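Which chain is which? They are A, B and C, in the order written, and residues in each are numbered from 1.
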């Protein structure tokens, strides 16, 4: 089984979940499903029963009620450990911006998964933290840069969710210092909190660029807080033309073909199939193949984008391995690729490209990286 | 064969059709095809010959000329009856906004189809009718509400074609009464007619919401009167966030993946595959599978959107059944779903979800529904 | 093997290419791939090794280094001849706007390919040439019309790259003469050069319409000079509604489903699969099938859009033939089309539709066409 690096994920709940909470964690919705329906009557629901039921000793396609009963009987910690270990990760790159008191800390997550853990720093979360420290408008930019420098000292990437807050039609230019000061003043006078000012969001994005680390950007679908058309990664073109460090487009669906083109024409742009592959179940293979249309093969990365449920880690990994194998088998059957090339592609998308982009040494150690002087 | 409810369709021509009229009714174009080509040299043309020729006693793939000759020899009424009966519908939900003197009334349509018929009320047609009754600007809103209340007393849904008139980027808010009065004044002074004023269209949409019935919305492709990018259902997000009754996105193609996401993140949003499945012939299965990526399975509805030709009913039904079966067979072959779940999904998309959303009792009777007080 | 007309292509390099230049000619990128990756580790790279290696006497899937060594040993001229002849074209329609001193002239290209050559005139290149002749603002429009009349006397089509310069959201109306004069004045005072003024670009587009020849329009992906969302062919709707001569939408991906709809609802609109099929390798069949969803079969055209490398001609042709055959075999296996219809469709998309649209006599001679008086 190919070594697998999960190049973008989150942590999981530390505790038991009732059926309603489990169901809601399986979807991007944040309200219960209408009476008579269930979010588990979906690709994710089928995938839980397909990939996770056997890991907990049940038959494939066990009913979801039986699965949840077994999960509860096993206990969340043992179930988490079993599910994560079944996924077979070497390394997890964890976005720590969604931590909370009822979540596993990353060290425990790594222990349970039997995997190395490296951190991805969520830029907006850092900015909102800085706003809560009593900084004033004049000091905001420097304070952010300072905190980011400390927070990213051992991180492998930074991540932006500007798609959720202002959309991806980001102007190419950094906002001027005076603009940032003015916007920071407005925000801080309002008490900080959720950052939605487009000037500040852009400044925070550039502060991420200035760390010299690869920049992961949420694109495409997610929860309904985002306006989907504004999350088309093609809107990033002006910004992509203005930076030169690695930019990893996360998720991308249903704009993954656009993302594949960006990954072809911008040498520093990458396409990460996380969330997409995990949410599509049996359809993951069809979409994966669409990602491999225009994107050079060395520009496609695997991740799960799993969050809250260890099931989403296992589904992401197992479905990806299965779908990639089937895709390559079909290419082989068409005599379009040699066995050696198929193996090379597999190694690269499962781990090799993540190692290169995120400067990870084999075994998950981060190699030293030269910071760009900002 | 699973019970099938056609959750959105129109009536058919009452009379013989010549070859040119038949050809034009098979396409969304409204001008003849260029010399040397035919709209029947298309997926719809192949589907007529595949699914309808055998129903009229000809071999599969009979030439279209032979088909039309046989249709004519049988006579339009007998042909209509045979084609509709071959489709095997239990219930038809008919948008009555495209009626006309040369069209079958819905009672006769139901008789010929051997199916129950329920009405879907087209909002813009009602508004244009109200404008023709001599109402003044100050009375327009109340008159519309009154007529809608009467017209929807036995209806199962209302339908909007605002995509054709103003696009789907509808602001979330109801227009103010004064705005509506002013816009109604302008429209009525101009003699009413085709409603294109965006404020009034929005008011009419909300008047539809106020009926308390499910709201069907045309999205995606249609004829060239619409600007395709403005018909992307994702533009509806602000409006969808402002309402809570069922909203059914019709057609959706080529934005059906966007629609699938909307159906996942908005509990009250549904995806209807009508028109799309009927127009794509052998490709219907591929697109159907894309609809089942993000949409929970209980959020996908079948319809034909058939209009003018009984052939489009039969094609819609037969191609859908065939494509759904093949899709599920492929999922089964991949061991991604159990046989029981595949059967459950089939029952739901063919009839169960329509029964729930449109409050139809088994056998096509409409169950009483509590109206929302507006 | 079906006769094949390449309805849109460019010429090739006259000379040897080193590995770096070859790699860059295989992609729409214009900067080298990041260290550790290669643009040949891609669908195009696989396709070179699949389709071209055997033509030069190597095994399928030969390593790219071995392929380039063999190509070099054979010599560029013999390799070009072999690759082009292996593609088996009857006629090439060559966009001559990308000529240069190190490129084959079209006569030699035709000789090496063993094919007739007809010219496609790139409108913006003609306009930029006219600007360099010392014309003044008042004389620009007439000079352009005059040069276009001469340049298109033996041409089969004109071509616009307005997608690159201003996007496809072109207003329906011709710009007024005074507007054109003013814009020409600004441009000429600045010394002419790359034309980016939207008014002039629109004027040039209409000058192309006035030639009475079919108009090819770049849509969809290309190099990063274009803003991808602005290259969605659906933005052309107002312009398409204002013209009535044939308009051929080139490439289209990832908006090819939008293009298929345009080809259905506008009788004079066509969809050309060039560039798309050639760049997608094993995935060409999946995308080709998407093109055949809404587009009437007589509205789909084959081309390679090959440029610089004879390999791209052979890949375009061989992959297209292979993918079309597999697509039709799948339709046959589903009993969705008869063998006779599949053969008819093949003949049409390979050559028949190009003959009709571009008024080519069999064997590649251009039939006389009546010019529209402007």
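Basically, a residue touches a chain if its C-beta (ideal position, glycine included) is under 8 Å from a C-beta of that chain, and two chains touch if they have at least 3 such contacts.
Because the structure is a prediction, the values reported are computed rather than measured.
Chain-to-chain contact here is organised exhaustively, every possible pair of chains being in touch. Per the C-alpha superposition, chain B sits rotated 120 degrees relative to chain C, a value rounded to a multiple of 5.
In this structure chain A contacts its sequence twin chain C using mostly different residue numbers, the overlap staying below half.
Measuring from the averaged C-alpha position of chain A to that of chain C gives a distance of 38 Å. Under the contact definition stated at the top, not a single residue of chain A touches 2 or more other chains. Chain contact summary for the complex, chain C toward chain B: residues 232, 234-235, 237, 241, 246, 257-258, 261-262, 264-268, 289-290, 292-299, 331, 334-338, 341, 345, 356. Of all residues in chain A, those touching chain B in their complex are 27-34, 36-39, 41-43, 46-47, 50, 60-61, 221, 223-224, 227-229, 253-254, 279-283, 286-287, 326.
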